[in-house]
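Data block below; observations after.
Order of writing sets the chain letters: A, B, C and D. Residues in each chain are counted from 1.
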Amino acid sequence: MHNALIESHDSQEAAREQQSSRPTSVARTYFRILWSNRKSRAGLIMFGAFIFLCIFGRALAPYSPTYSGFATMAGPSWQHWLGTNQDGQDVLSQLLAGTRVSVLVSLSTGFIATFIAVLIGLLAGYSSGFTDDALSFLTNVFLVLPALPLLIVLASYAPGKGSVLIVLIVGLTGWPWGARVLRAQVQSLRTRDYVVAAKLAGDSTLRILFREIFPNMLSLVMAGFLGAAQYGLITSVGLEFLGLGNPNQISWGSMLYWAQNASALLQGQWAWILAPGLFIALFGMSMVLINFGFDQISNPRLGGTEE
Amino acid sequence: MNHGRRALFGVTSGESERDGSCMKYFLKRVLLLIATLWVAITLNFLIPRMMPGNPGQAVIAKFAGEGHPLTPSALKAIDAMLGLSHASLPVQYWQYLGEVVHLNFGVSYSYFPYTVTELIAKALPWTLGLVGVSTVISFFVGTGLGVLVAWRRNQATDGILTSIAAFTGAFPYFWFALAAVYVLGFLLNWFPLSGGYEVGAIPHLSWGFILDVIHHAILPAVTVVVSSIGGWLIGMRNNMINTLGEDYVLLARAKGLSNRWIATMYAARNAILPNITGFGMALGFVVAGSLLTEVVFGYPGMGNLLYNAVINEDYPLMQGIFLVIVFCVIMANFLVDLLYVFIDPRVRERRGSGA
Amino acid sequence: MSLLSVEGLKVTYGLRNPVYAVRGVSFEIFEEEFVGLVGESGCGKSTLGFAIARLERPPARIAGGRVVLDGRDWTAMSERELRPHRWKDVSVVLQSGMNALNPVMTIEAQFRDVMVQHTDWSEPAIRQRALEVLDMVHIDRDILFRYPHELSGGMKQRVVIAMAFLLHPKLIILDEPTTALDMVVQREIMDNLMELRGREKFSLLFISHDLGLVLEISDRVLIMYAGQIVEENRAENLLEYGLHPYTQALMRSLPVPGSDAREFHGLRGSPPNLRQMPKGCAFAPRCDLVTAECHEVEPDLEDINGAKVRCHVVGKEVRVRGSEPSIG
Amino acid sequence: MGRSLLSVENLTKRYPSRSSSEGEVVAVDRVSFELHRGEVVALIGESGSGKSTIAKILTGVEQLTSGRVLWEDGAVASKAPRLLRQRIQMVFQDPFSSLNPVNTVGYTLMRPVMNYQRCNGAEAERRVKELLDQVQLSPASLYFNKRPFELSGGQRQRVVIARALAAKPQVIVADEPVSMLDVSVRAEILRLLRSVMGQQGVQAMLYITHDLATAEILADRVLVLYKGRIVEHGTAKSILRRPMHPYTRLLLESIPNPRARRGNRVPVSLRGENREGELRLTGCLFAPRCPLAHDRCWREVPPLEARSDEGYVACFNASQSLVQTGAVTARDSGA
């Protein structure tokens, strides 16, 4: 009789465990953690909104962003919520339409920088001796080189100015921080027993890198991506503001460039400068906020105490 | 002390190991310093030569167009910096290094007849002052606030300050500068709109002039501080939360030490170490940001000079400024790395270890 | 009178769906008594130890019960009120001495700050006491001016033990003090503790998963399972017979050199998930003596011949048979 | 006892020391031993004794500095570690770091099967489920899709054992397989390891531990290592009952033994502790801690010599040491 009781208990437990034994994907786990953190949830919502604007911004714009038939330098009104610029174009429409270029520039610089960072981080961290020394040295050199003056010099020599150039040079200089963090992580992961075990199990180095090591640093990679994207956003906007981008392409940076050239503030058209700046800050902030969640995944101690 | 006994406790070898690691650390930093400088100098050499067109010729043509006579030495400097002659690259490189060593960057086109070196010498102190002061303020205040919010973790202070930091940190520096100029300068008229000192004043050492300089520097400095403080705060907060979870902090609590002592000597002293390692990148950021801030304020520093060089396509000036900014950032990094030795005993040589 | 009296102490993790890590624990420690607290990982023994010293870290918090130490109710006092009594009334030695020392302060500075905080001793007196405690744990005096990273694991742990004695505490809580150390070093530290017992006046709460070690050093042993004390008994009695089936299983899983391998047994199954506690006795699913009652009714901690045990079966059997329990 | 399956000859491992003045650290110093078919050999020592380095060299994770490791068929293990990796598999100490948290039990166990048995997915899955049953993780289909964090320490260690078996090795190296586990599950894991012998082609096992007590349960022969050198070698029974080397005695006395309560036990002499990076001594490495050390011990290295039918010991005072085993005899009578 006792045994029957135990068995029934055991089988219940087995059934319960069976239900929960479906392997949950890493992506879903990540999303659950990000969503449970109040800060990163807010970040995700904001980030989603900007992706939406990136796709549908042009369609949502009340007017054509290039139509220049309105009164010039008009302050905010019901017709033009954010007023108009010195060419008589609607600022709100420009802002919404410019989201696409700015968001794409930010994300693609983040992507390029992260790609290089992962490549160099994995290679330097997993190899030892000369390869590691050389790559770490390269990383440290680029880490210390201040990128903006370099970019300014490069961009001012370059014959064609445009966002592709900016993406390339910001992306190609934005990787060292990520590479350094990832290298340290790979170095700590490669000595884990499960990596040794995978070697003993006959797995190839490539398989070990991508099935054993890489998944365990995904949160760092994502955090690095968002950090690099935010860096790309700020840097590209700075270059555009200096007139080193393509001023005829509508983006948040070029709007600020024209607004400053037209002394928008001193003429009272503050919305023309406030709005793009706010969008830049909100998009950047969304990535910083999401990173609070990724920080928590990489380092559980940072997790909140509310359960 | 008895040598054998020390050996028994593994002291002797430990000491030599420590000396070795400290020396190694120092050598590594010096090597990195030299290599970074070399990379920067070489980049500066290669960029104009790898660009399509011929920047050197363009500059000469511009000088000719303006009717400025170029001395042979100025011509030589332009040649060395931008690559004019058809000499082979190694020869050009050698000439270039010679000019760089003698701080001879040629003549500015936009500020003729000033040499690049003269212009930089005039602008550099302004930028060093602005960036130096605002970086020190934002590092200390930001780190201090980071300690505070980590200590009051999950309380209102933490939530509010951290969110504000995430928000302000996301703004481009120059946008804050624009807003500050508009509100505090233009609307309220509390601060001058631009410049480093009163227009028409001649820089000299007097209380009146110094006060004038400070009055002009407040807004640019505040915008740099406001935009860079968030990064320090968030970085320090994360490190602090980590160290607060360490056993030695728990033990400090068990020892009944005061909160202030635990927060500073136990948690913050350890939490600040990674923040200092991250100084390099942060510094590059602050310098970049302050360059743009200078443009908005028309501040007479390197940023403004660089901006003018860019819009006037004054390549010799641009190259010189680039090199000097990079040099300053690299040197600052080097000094911070050396400072690290004094803060972390694990890299430090033990005092009085002679025996 | 007892030095420490823990009454119905409960510790939970989390606020919304609290998990009870310590589920109503009561015991006493008398002056100059060594008490061992034994259990498997996750049974709540360290949580209990921290809570007694009021060192629970959020999200852990005390959800009920009292801790009365030397006549003062520590659970009713604020951090500010506790501070003057910390380290004087109770000091702790943490699981891994490796991380218990501040890496950027010398050993001397870490000894000094606690004495400066709690005493008005002069500089020479402070130095004198620091050297005294180092002598007590047999460490070279020049270690005082070193940083933790310059010491080996065993030395660090001894430094931490020395630090615990600085203010002549009434109670010392040792939380797995030797788990990370080599056998021989562990032995040296244990011998050192026994030696100190003869010279200093203090009580000890020794928390460990190693029943053998605990039996060696303690007068009385508390066996903990799933957040509760399941048995409290004198060490010499436990050597003869453990009352609770869990204690007996633990005793059987102690490999004793020179004994036969057949006497070495384990326990099947694993401890219950604290989020989903089974109804009835927490140990029932792993117990060999389990009855229907065990799955339904949670047993109380009952007095049996001076010992205490939380078991339906053992309790009844002893009552029926009289004073000579022999189970297992 | 059969022929030697694997013989280790004069195995030496030196690391360059981190400090330039010190030269090298000798982690393993001319260690020789043989593994015979059907036996479990225990390698005993404290941290820094070189026992884990030997495990790493045998499994090809690290390269030896000199000496060689020979298989029965003449293959030299150190020459072709990749080829011979399958023959020798490892059970790790820490069940929490030896299983990748992101991979399922199924994935982890499929890898060696697919790499070494060259079979298709379905066949591999079937075999993996057999293995799970063999290590008593049943029902196998339940554990197949679990991730490590859903398992207890004991269950994880069973998975680790299954992974070692999956490659069908001839030799298993178990590096402190139970020291991180709760006492209550240690017995079951040791029993499982014992039962694995002779199955799936496993012919011998090297059990690495600091715990003499469990060595007696699992092992036939015991090698005692001190600072990279073998100081004593004999059958498990003889070493535990009649330890000859003073260091072996010290280890034995260090085992917590509740029956030898205070007063009954001779305290271990406090003579410093095992540390890496000590000055190299010309004589016996144990001399600084040895209560019996005399001049000769400081000058000469004692050779590993046969002292009885059952054992070898590297000590000039071994016979004297035998006489002085008061504590051990007391323990014998107590047990």
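In this section, a contact is a pair of C-beta atoms (placed from the backbone, for glycine too) under 8 Å apart; a residue touches a chain by one contact, two chains touch by 3 or more.
Here the structure is a predicted model, which means the values were calculated and not measured.
Engineer: Specify the chain most distant from chain C by Cα centroid.
Structural biologist: Greatest centre separation from chain C goes to chain B.
Engineer: If I average the Cα coordinates per chain and compare with the overall Cα mean, which chain comes out closest?
Structural biologist: Smallest offset from the overall C-alpha mean is found for A.
Engineer: Consider the two chain pairs B-C and A-B; indicate the one with the greater count of contacting C-beta pairs.
Structural biologist: Taking the two pairs in turn, the one with more contacts turns out to be A-B.
Engineer: Using CA atom averages as chain centres, what separation in Å is found between chain A and chain B?
Structural biologist: 24
Engineer: Quick one: chain B and chain C, Cα centre-to-centre, how many Å?
Structural biologist: 53
Engineer: Starting from the mean Cα coordinates of chain A and chain C, work out the distance between those two points in Å.
Structural biologist: Distance between chain centres: 48 Å.
Engineer: Could you list the positions in chain C whose residues touch two or more of the other chains?
Structural biologist: Answer for chain C, listing residues that touch two or more other chains: 152, 155.
Engineer: Would you give the residues of chain B that are in contact with at least 2 other chains, written as numbers and ranges?
Structural biologist: Those would be 9-10, 14, 245.
Engineer: Please list all residues of chain A that touch 2 or more other chains.
Structural biologist: Touching at least two other chains: 305-306.
Engineer: Can you list the residues on chain A that touch chain D in the complex?
Structural biologist: These residues of chain A touch chain D: 14, 17-18, 20-23, 26, 192-194, 196-203, 211-212, 215-216.
Engineer: Under the touch definition given earlier, write down the residues of chain D that touch chain A in their complex.
Structural biologist: 59-61, 85-86, 89-90, 92-94, 97-104, 108, 111-112, 115-116, 139, 142, 145-147, 150, 160, 163, 166-167
Engineer: Looking at the complex, which residues from chain A come into contact with chain B?
Structural biologist: 39, 137, 140-141, 143-150, 152-154, 156-159, 176-177, 230, 234-235, 237-238, 241-244, 256, 260, 265-266, 270, 273-274, 277, 280-285, 287-289, 292, 295, 299, 301-302, 304-306
Engineer: Report the residues of chain C in contact with chain B in the complex, numbered from low to high.
Structural biologist: Those residues of chain C that touch chain B are 53, 55, 57, 82-88, 91-92, 94-96, 99-105, 113-114, 117-118, 140, 142, 146-147, 149-150, 152, 155, 160.
Engineer: Would you pull the chain C residues touching chain D in the complex into a rising list?
Structural biologist: By the definition above, chain C touches chain D via 40-41, 138, 152, 154-155, 182-188, 190-192, 194-195, 209-213, 215-217, 235-236, 239, 249-250, 252-259, 261, 264-268, 270.
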